[in-house]
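Paired with chain B in one complex and with chain C in the other, chain A is shared by the two complexes that follow.
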Partner chain A sequence: MRARYLPVAAFAGIIIAIQLTTHFTESAYHLTQLTMTAYYSLLVVGLCMLTGYAGQISIGHAGFFAIGGYLSAFLTTHNLVPHQGTAFVSLLKKAGLLAARPDLYGGEILNVHPWAACLAAILATVIIAYLIGGPVLKLKGHYLAMATLGFGVIIYRIALGTTLLGAADGISDVPGFPLASGVEITGKASMRVPNYYAAWGLVIAGMVLLLNLIHSRVGRALASIHGAEDAAEAMGIPAARYKLHTFVLSAVFASLAGVFLTHYNGGIGPSEASVMKSVRYVAIVAIGGMANLWGALSMSLVLNYFSLRGYFGSYDDAVFGAILILIMLFAPDGLLRRHLFDDMKRMFSGDADQEAP
Partner chain B sequence: MAGITYGTIYAIVAIGFNIIYNATGIINFAQGEFVMLGGMTAVTLSGFLPLPLAVLGAVAVTLVVGAVIEVVFIRWLHKPSVLRMIIITIGISILIRESALHIWGEGVRALPYFTGTSETSFNLGGVYVSPQVLWAVGVGAVVVAALTAFFNYTLPGRQMRACSANRDAARLCGVNAKNMVTLSFMLSAAIGAIGGCVVCPITYVQYDSGTPLAIKGFTVAILGGLGNSTAAVGAGMLLGILESFSIWVLPAAYKEAVSIFLLLVILFVRPSGLFGSAEAARLKEF
Partner chain C sequence: MTLLSVREVSKRFGGLQAVGGVSFDVARGSIKALIGPNGAGKTTLFNLISGFLPPDSGGIVFEGTPVQGMQPFEIAALGMSRTFQHIRLFPKMTVLENVMVGRHLHGRAGFLAGMLNLPFTWSEERRIREKSLEILELLGIADSARVEATSLAYGQQRVVELGRALACEPKLLLLDEPAAGLNMRETLEMGKLIGKVRNMGITVLLVEHDMSLVMTVSDEVVVLCYGEKIAEDLPLAIQKNPEVIRVYLGEVQ
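Coming up: the complex of A and B.
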C-alpha cells in the first residue's frame, strides 16, 4: 500500500467512526445531512482539482450541478405514456432504458430509467463542458471569472424560467436511484445507513481517482501549467488540452453530484443553480487550501454539514462571503496548506512582499 | 423606452467598473451592489426627508461605504493578484447584499417619480415618454459630461489618469497613488448610487438586484472596450434596446440569459470590445 492511500484509509475510518457514533448515540438523523454533504463534497473536490491544480477559477460550477440534477430529474419524472406511439420512445423501451411504475390512480407512468437518465445527464454535461470550456478557458483573470459566472447565471435563468423544468418550484417526486437489489438512493429513513456509505464511497472513489491523477504525468503537467503556462508550453505540454480536460472532469464530478443528490432529496429547485452556490463552492476550496484536495474535502465536510444543519441561521450566505474575504486577505493561497506557519511568520515580521502569484 | 432606461443604468454601472479598472486594473464585482445600496438608502431616507435631500443623502452614504470598503479591504494589500482581487470583491458584494437583506428585508421598493406620477407622460415627436426616463437619460448625460470634465480639467482627475497610465511615474511626480484608488472607489460608488436613485422609480430595487446589474454592466463595459467610458454609454443603450427587443422573440424570463449570452459571445469573439482596439487590449493585464 502506497503512502498516498494512507489518508484515504484514514478518511474511510473517520466516515465509519461517524456512522458508528451516530448509531450508538441514537442520533442517526445527522446522517441525512452528512449524506447530502458527501454529494456537495464530490463537487468541491472536482472544483479543487480545477482551481487549485489547473489554476482556473470557475464561478459557475453550480450550473453543472444543476445540469446533472435537472436532466436526471426531468427524465425520471417526465411521463412518456402520451408519446408511447412514437418510434423514439418504443426504441428506448426495447433497449430497456425505460422504467414503468404505477401512479396514484393505478394508471401507468413511463419514465426513463434512472441509470439511463444518469448516463444521459453525464453525457450532456461532457458535451456542454467541452463546448463551453473550449472558448472559456482561453480567457484569463477577470474575463474567465465573468464568463463562468455568466454561464452559471444562464443555467439559473433557464431553470427559473422554463415551465417544463418546474420554474421557481423545481422538479419534485423524483424516484429513487436503484444501486443494487434492495438498495436505492433515496431519502427514506430506512435507507439512511446504506445511502450514507454509498455517498461517501462515491466521494472516496472520486478522491482516489483525483489523487492518482495528481501524482501522474497529467498532474505534473497541470502543476507546471499553474506555475507558468508559457514555460509549460515551451516544454511541449499542451496546456490548453490539459486545462480543458480538467474542466470537463470537474464538470462531470459536479454533474454526478447533482444527479445523486437530486435522487436523494427527491427533487431539485433553481436555487441549486444560483450564483451563491457557486461562490460557496469556491469559498470552500479556498479555505481548504486551493491546491489541497484533503483540505477542500475536510472543509467541505465541516462547512456543508454546519450549513445544512442550519447552524449559520439566516447568516448562511454571509458566513461564506466573510470566509471568502478573510481567506483572501490573510491567506490568499488557502488556509490549510503546508507552508502556513512560515507564511504567518513572514507576514508578522513585516516582510510580506514575496506573495505567490 | 424601457430599453433606454435599462441602457442608462447599465451604462452607469459600466462607467463605475471603468473608473476603478482605470485606477487599479481590477474589476470590482461589488459594483452592482453600489447601485442597489444607493436606491435602497434613498427609499429609506425619502421617508422623512424631501426627495432631493434623500437622493443626496443616499449618494453620500454610498460614497462613504465605497471609501470604507477600499480602506478596509484593499488599500493595505501589496500587489494583490487578479484572482485574489476577484474573490475579495465577490466576497464584499455578498456581504453588502446580506447586510441589505437584514436591514431592508426581501421586499421590493421604489422611490416616487421625480416629477409627475407613473401615469404622466408627454409626447416627444410622436412617442409617449415617461418623465422619469428623461430624468434617467438626463442624469446619465450629466454624469458622463461631469466625469469627462473631471478627468480632463481638475487636478485630482488628472492625477487619477496619471496613475492609470503609469503608477510608478505618477508616484515619482508626487501623486499619492493610494489615495487615488480610494478616490476611484468613492467616485464609482457615488455614480452607482446616483444611477440607482434615478432608475429605481421605474425598475424598482431589491436586496439582490445588484448581481444581475453587475454582470450586465460588465457586458457593457466589455462591449465598449474596458476603460472607455464614452463608448460604454453607446454600448449600454445597445444592450438595453437589444434586451427589450428580445422579449418579442423569447419569453421575458430569458431576458437576462440573452444579455449574458451576448457577454459570452463578445468575450469569445472580440474581448477588446466593439469600439476598442485589439492591439491595445493585448497589452492590458486582465
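Coming up: the complex of A and C.
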C-alpha cells in the first residue's frame, strides 16, 4: 500500500460515514445534493489537474460539461422511430446501440442506448478539446483565460439558441443510465443510496487515476513545465503536447461529469454551460490550493453541497465570485496549500518574517 | 570526428545582427569555449544551436542530422542538453526531482501508463531514481537530494543544473556561463566538474566570461565579437591573438 492511497481510503471512509449518518438521522434526502456534488467534484479535480499541475487556466470547463451532458441527453431522448427506415438507424439497431422504451401514450420510442450515447459524448469531447486546445494552449496567462472564456460563451450560446437542444428550456425526460442489473443512475428516491455510492465511487476512481499521474514520469514533467517551461523543453519534454493532453484529460473528466449528472437529474439546461459555472469551478480549485487535488476535492464537496442546498440563496454566484476575489487577494496559493501547516507553525513560533520556502 | 557543425549561421533581431555568418565545428570528446565581450551573440548562438531560436539562415548539423528549425525537445532527444545563463531550476521540486526530470528521455511511461500505474512504470521509476542519485553522488551534492532545489545557495544551484543536464546522458552538453555568479573556489570546483564530464565521454561547448576557467578546461576557443567570429584557436594562441586583445582591452593608441 503506497502512501498516496491512504488519503483515498480515508476519503472513502468519510463518504461511507456521511451515508450512515444520513441513514440513522433519517435525512437521506441530503444524499441527492451530495450525489450531484460528486459529479461536480469530478469536473473540479480534473480542472485542478490542468490548473494546478499543468499550470494552464481554463474558464470554459462548463462548456465541456455541457458538451457531455447535452450530447448524451439529446441522443438518449431524440426519438429515432421516424427514421427507422434509414440504413444508418437500422445499422445502429443491429449493432445493439439503440434502446426502445414506452412513451407517455403507450407508444414506443427508440433512442440511442445511454452507454453508446456516453461513448459518443466522450469521443466528441476529445475531438473538440484537441481542436480547441491545440491553438488555444499556445497562449499564456490572461490570453489563455480569455480564449477559454470565449469557448465557454460559444457553447453557452449554442445551448441557449438551438431549438433542437431545447433552447432556454434545455432537454428533459432523460432516461436513467443502466449500470448493473437493476441499478441505474437516476434521481429516483428508491435508488438514492446506490447512486450516491456510484457517484462518489467514480470520483474516487478519478482521484486514483490523477494521483497516479501526478506521481508518474508525466506528472513530474508537468510540474517541470509549470515551473520552467524552457528548461523542461531542454530536457526533451514536449511541453505543448503534454499541456494539450492534460487539457483533453480534464475536458473528459468534465464531460463525464456532464453525462452522468444529466442522467441523474433527468435533464440539462443551458445554465450548466454558463460562464458563471466555469468561474465557480475555477474558484473552487483556487480555494482548494491550486496544485492540491485533495484541497480542491474537499472544497468542492463543501461548497457545492452548500450551494445545492441553497444556503447561499440568490447570492449563489456572487459567493463564488467573492471567493475568487478574496483568494486572489489574500491567499493566492489557496486556503489548503501544501505548506499551510509549516507556515502556521512559523507564524506562531515568532519568525514570521522568514521567507516561505 | 565532428559532433556538431555550425555553418554560416545568422540571426537578426530587428536592426541588430546578433549572429552573422558564424561557422565552427566541435570535435567529439573535446571541450570548446565560446568567448567574447558582452553582447557578442554568445547566448543567441547557444539558443540557435539548442533550438530555442530558429536561425535566419545557415545550417546546424548535429551527428549528421540537420537540426536548424527543430524544436528544443526534439534536439534534446538527439542527445544535446544545456544549462542556462540565468539558472532555470524547477521550483517547488527537490534537487532529486529536478535531476529526475533530466531522465525524462530515458523513460517511456505516458499518460495512460502513469494514470493506471502499470507495473512496468515501477521499475522504470526506480531506475530513474537510482541513476539520478548516482549523478548527485558524482557531483557531490547527494546530501541535498531532498532539499527544495531553489532554496540552495547559488553555487549549488549551478551544480544541480549541471546534474540535471547530465541526467539526460547527452552526447553534447551546452553550458551557458557555468561559472557566472560563482566565487573563486566554486569556479575552481566547476572547472573540475567539467573535467569529470569530459572524462565521461561527453563533448562540451561552453560560453564563459571567466578566463581562468576557459583557459584551463577548454581544448579550443572561439571568439565572437558583434556577432562575428574573429578567432578560433588553442587557448594559449588566443591569449596572444592581437585581434582578441584589441576587442577585450581596447586599442593601444
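Everything below uses one rule, namely that the second predicted complex is superposed on the first by the 340 of 357 C-alpha atoms of A that agree within 3 Å, B and C clash if a C-alpha of one lies under 4 Å from a C-alpha of the other, contacts with A are read in each partner's own complex, and residues count from 1 in each chain.
By definition in this document, a contact is a pair of C-beta atoms (placed from the backbone, for glycine too) under 8 Å apart; a residue touches a chain by one contact, two chains touch by 3 or more.
Remember, it's a predicted structure, so these values are computed and weren't measured experimentally.
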**OP:** Mind working out whether A:R157 is in touch with chain B, chain C, both or neither, as first, second, both or neither?
**Re:** first
Original post:
Looking at the overlay, does A:F320 come into contact with chain B only (first), chain C only (second), both, or neither?
Top reply: first
Original post:
Looking at the overlay, does A:R220 come into contact with chain B only (first), chain C only (second), both, or neither?
Top reply: second
Subject >> chain B versus chain C as contact partner of A:L249, first or second or both or neither >> reply: second
**OP:** Using the superposition on chain A described above, determine whether A:L329 touches chain B (first), chain C (second), both, or neither.
**Re:** first
**OP:** Look at A:M235 in the shared chain and tell me whether it touches chain B only, chain C only, both, or neither; answer first, second, both or neither.
**Re:** second
**OP:** Tell me which partner A:K277 touches in the superposition: chain B (first), chain C (second), both or neither.
**Re:** neither
Original post:
Regarding the shared-chain residue A:R192, is it in contact with chain B (first), chain C (second), both, or neither?
Top reply: neither
**OP:** Could you tell me if A:H113 is touching chain B, chain C, both of them or neither one (first, second, both, neither)?
**Re:** neither
Original post:
Hey, is it chain B or chain C that touches more of chain A?
Top reply: B
**OP:** Report, in rising order, the residues of chain A that make contact with chain B in one complex and with chain C in the other.
**Re:** 357
Original post:
Which chain A residues qualify as touching chain C in the complex?
Top reply: 209-210, 212-213, 216-221, 223-224, 227-228, 230-239, 245, 249, 357
**OP:** Quick one: which bits of chain A touch chain B in the complex? Just the residue numbers, please.
**Re:** 57, 59, 135-136, 138-143, 145-147, 149-151, 153-154, 157-158, 160-162, 167, 275-276, 279, 282-283, 286, 314-315, 317-318, 320-325, 328-329, 332, 352-353, 355-357
**OP:** Sort out for me which residues of chain B touch chain A in the complex.
**Re:** 26-27, 29, 73, 77-84, 86-88, 90-95, 97-99, 101-102, 211-212, 215, 218, 222, 251, 253-254, 256-257, 260-261, 263-264, 267-268, 271, 285-286
Original post:
Okay, in this complex, where on chain C does chain A touch?
Top reply: 50, 52, 71-73, 76-77, 81-82, 84, 88-93, 97-98, 100-102, 104-105, 107, 109-111, 113-117, 121, 124-125, 128, 148, 151, 164-165, 168
